[in-house]
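Both of the next two complexes hold chain A, though its partner changes from chain B to chain C.
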Partner chain A sequence: MIVSEVEQQMRERKMSALQSLTTSSAPSSRVMLYTTPGEVVDGVNASEGFLKGHGTQVSEGELRATVSGVVERVNKLVSVKPMKAKYTPETGDVVVGRINMISSKRWKVDINSRQEAVLQLSSVNLPSGQQRRRNEADELNMSRLFDTADVISAEVQSLFQDGAANLHARSTKYGRLSRGVLVEVCPSLVKRLPQHFHALEVAPGVFIEVLIGCNGFIWVGSPGAATSKQATNEKSKTHEEELVVVDKKERENIVRVANCVRVLDEIFFYVTPQSIMSIYKQSEGIDAKSILTSDGFLARVIEREIDARTRTEEDADML
Partner chain B sequence: MEYVSLEGLRNDGRRPNECRHTSCAFENPISANSCSGSAEFTFGQTTAVAAVFGPHSSLSTSTIDSLSIERLKVTVEITSAAFGMDAIPKKRATNAATLMKSSKSSRKNKELAVKFEQILRCCIDAKRYPRSEVYVSAATINDDGSASAALFNGIVLALVDAGIPMLDVFVAVCATRLDGETLLDQNEVEERGRGVECFVVAETKERRKTDGLQKGNIGFNSKMNDDYGDDDVKRIVSYDISGGKLAPAAVDDLLRACAKGCDEVSRVVRKAMKKRLRKLASTTRNLA
Partner chain C sequence: MPPPLKSDEVKEEEEINDDDDDNSSVFLSLNPITNSSGSAFIQLGDGRTTTKIFVSVFGPKKTTSRAQDERVSKLRGTLDVSVTLASFAFKSLESSSRNIKDVEMDLTEKLTKCLRGVVVLESFPKAVVEVRCAIADANGDELRGLVLATSSALMHARVEVRDILCACTAVIEEDGEVRLVEDYTNTNDAKSKSSKNSGGRKKTSSARKAVGAVTVAYMPRVKKVTNILSVGRWGNANNLKKAEELAMQGCEEVAEVIKAAF
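Now for the complex of A and B:
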């Protein structure tokens, strides 16, 4: 691969920016403890007693980590959270998933966790809102509701014994997603927030809808793609009717927002509506496809972040 | 050919109990995007890459064996890059010869994969992942001796990167006996010397001084521990000596050198892990 001199410079600038981000001083409020597997977790006194949380083991009377990550303590409960791992479902999480398989009375859904999630036919509302008849025809029609490879939004209803999630889509909020793209990011970059459906105002009066699934699957689509199912419910639209053409301008916006999310994953920043918008604003003047490929852009994003941090640190010093 | 000179140096200038320059990196550029964890490990010029996919649900529910229901199932596949093997002499570079060579190495790789699966089964905290499996794919990019150790270390790093719980950071080293000397981390020239070869996996966690006599919590060969009362040797989880006969004293020497080598490697590995954590944590904190 031939790399031009400018590109090379930009790459170096990106690397040095990343480096200085790592070395920029840690906030005084929170001291991070890092451990690697087999290491005795720091600051845990065996004689005082402790509770073994996730990512830890007890060997020879001492608490040791089993994953490489950050130590988290809640009173006596000590757990180690890995920086990068598969999604661990929790009751109440809003997730975006892809239908892997239809089996009897249930869909198997890929939600980026270590077990396939289950969505039972009984925990789904029919699009028309009518009552479901529990007969065979109803089961045979499952693929008309969600077919394999469809992307859906749902909520974790409960967990099975082995850690697999039982989903439900019993709200008008949830259902099949259309008119958008699915972006996969690291699940630890998504924080649990009160609201996961967001409409981002990318230009005055122009909205792009983003559904940030707790499992790191993010749906970026045109307005109403994820939320306003009510409109479609009235007429009980079939899959084909939902396939509305999204015009070119809107497609461009969707792709740009999707690429902004990918940038956040690339540089490992939290994915929140604010962070997406901040990347989006910085990306103005660059065409959507080069957001990801240009090292110069990434370098600028990281440098801005360092600036913002040093400023907040200075503010903290002033106080 | 003499492998250790009169000054006590090997053909590449190392002392017998010295490893080559060891380095490792997370996110190897070959497979970083599609997998849940990946790493690269090098001993001198020997380079191995590994990628971990999963854990995900066991794919075919019908063929679940009793082990994989309650534990995480690990599948390892090992390949060698065709350009990474030692060059085939021009005379033999016909099609048939190349094929033979590759089939032989693929058999070797399969054996190695089965061995790694067995070792990893006791390294991973597998009970936490019932009904799921993880797929590990590793490749030798450049083979300059001790490739099996580089592969194993690469796999362990990739598993840690994927956030899969491990009982410890297990590391592997190779050693060989040539000219009556133990040569740690043999290079390709020394590997061709056809001495007795040894592959060792050891645990590397800090132990309290007092429990020197206590046995580890995993599949130890207890007979070995009784024979050698050495603390270093006690750390060894698995070893494999092949290619000839050795006197007991020589085996002791070999294992002790390997255990020391493992400690050295683990320092590099743990340092890399901490560095990686710091890097990832630095970007995710207090972002507006």
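Now for the complex of A and C:
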């Protein structure tokens, strides 16, 4: 492969920026403890007592890690959080999932966790807002509601004993997602926020909707695709009726935002509306498609982040 | 008696590099198979006589209904291990008589035994972790390679394990000397070529002939041995004990190197 000199330079710049990010710019206020399996977790005094959290084991009275990751402590509860693990559902999480199959009275949903999640027919609202009649016809119509391979948003209602999630979509804001793209990122990059539905103002008066699922699945779509689903009195819409042409300008915006999210995954930064917008603003003037492929762009993003972090550190020092 | 799967020439240096390094007798890299949850590649020895193993880990994921019927408990997960040998893994004519299927089953069983007690099965109830090992080149000491690569791949996949499982092989020579075996490509190049994979039978042509070998799978920080596999004649119990201790020491060193990679 022939690599031009400029590309080579950009690649080197990106690599060195990444290097300096990992070595120098970790915020000094947060001390990151990194452990590997089998290691005794530092700073845990066995005589004072501790609570064994996820990713740890007790062996001969000592607390040891079972995964490689960062140590997290909440009072006496010590857990080790792996950087790139599968999603572990928790009650109340907003998730985006893909329907894997329809079985009797329930959908099996892939939410990037160890087990498939379950969405029961009794825990969804009809799009029309009508009360559901519990009859056979209703069950037969399940595929009209959500079909296999549909992408849906839902909330974790409860957890089964084996850690599988029981979902519900009993609000008008949950349901099938359309007119957008699904981007998959590492679940540990998504923080639990009060609000997971966001409308990003990418240009004055132009909005792109983003649904940041706690499971690392992120839906980027045109306005109204994920949020503000209005309960209407119409009959439940079929797929075909929902198919609306999204114009080219909007599609470009969607792809650009989606690529910004992929950039965040690539450089392992938290995915938040602010971080997406910051990447989006920096990407202005670059083709949406070359956001991911341009090393120069990634280098600039990382350098800016280093700048920002060192500045906050200096500010903290001054205070 | 199952054929022992070590050559008598093994090596003790462990190096993990990102780049190919001709001087290293062990080369381990992570993530060679990107669509798996975690994977590792290991090469033991260098030059023409190497053992090359790819290990990929998939999951934890939901069990297939078949597996569920057979053996899945509601409280624990399952570890599904399989080892496959490439048809070109054995190069010498002598080994062509060996039934590849038998070797695969034998290695699968041994590796499963080594991994027992290492993976925290309670952490993924009703789910399965698949460990798929492919041996591309088999020139001795496959079990050690399998253990090291599998342990790294499991950690890379963030499967909960009790410790970094390591394995080392120690041998006893005819004159009774017990040692962690050296880099066979340096010391016994000519001999190892003629004798490699002779179905595990002890070589007669080797100048530094080993009459017994022991592979120890050991968790150095939890200080627990998961498997000991000994073949050959040891003379007396002390020799075996000495070899095992030597191998355990080796494991401790290896664990430090692997730890640095994570």
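Things to note:
The definition used in the following text is that the second predicted complex is superposed on the first by the 310 of 319 C-alpha atoms of A that agree within 3 Å, B and C clash if a C-alpha of one lies under 4 Å from a C-alpha of the other, contacts with A are read in each partner's own complex, and residues count from 1 in each chain.
Just so we're on the same page, a contact is a pair of C-beta atoms (placed from the backbone, for glycine too) under 8 Å apart; a residue touches a chain by one contact, two chains touch by 3 or more.
Note that the structure is a prediction, hence the values are computed from the model and not measured.
Applying the stated clash criterion after superposition on chain A shows that chain B and chain C collide. In the superposition on chain A, A:V44 contacts neither chain B nor chain C.
After overlaying the two complexes on the shared chain, residue contacts for A:A308 are found with chain B alone; chain C is out of touch. In the superposed pair of complexes, A:E116 makes contact with chain B and with chain C alike.
Of the two partner chains placed by the overlay, chain B and chain C both lie in contact with A:K84.
Of the two partner chains placed by superposition, chain B and chain C are both touched by A:G55. Contacts of A:L159 after superposition: neither chain B nor chain C is touched. Of the two partner chains, neither chain B nor chain C is touched by A:L126.
Applying the stated contact rule after C-alpha superposition, one finds that A:G69 touches each of chain B and chain C.
In the superposed model, more residues of chain A are touched by B than by the other of chain B and chain C. Overlaid on A, the two complexes show chain B and chain C touching the same residues of chain A, namely 36-40, 55, 57, 59, 64, 66-69, 82-86, 114-116, 162-164.
Taken together, the chain A residues at the contact with chain C in this complex read 36-40, 55, 57, 59, 64, 66-69, 82-86, 114-116, 161-164. Per the touch definition, chain C reaches chain A in the complex via residues 37, 59-62, 74, 120, 123-127, 155, 158-164, 219-222, 255, 259, 262.
Every residue of chain A that touches chain B in the complex is listed here, in rising order: 18, 21-22, 24, 26-27, 30, 32, 34, 36-40, 55, 57, 59-60, 62, 64, 66-70, 82-86, 114-116, 162-164, 188-189, 267-270, 272, 274-275, 278, 305, 308-309, 312.
Taken together, the chain B residues at the contact with chain A in this complex read 36-37, 54-57, 125, 129-132, 160-169, 203-208, 211, 214, 217, 270, 273-274, 276-288.
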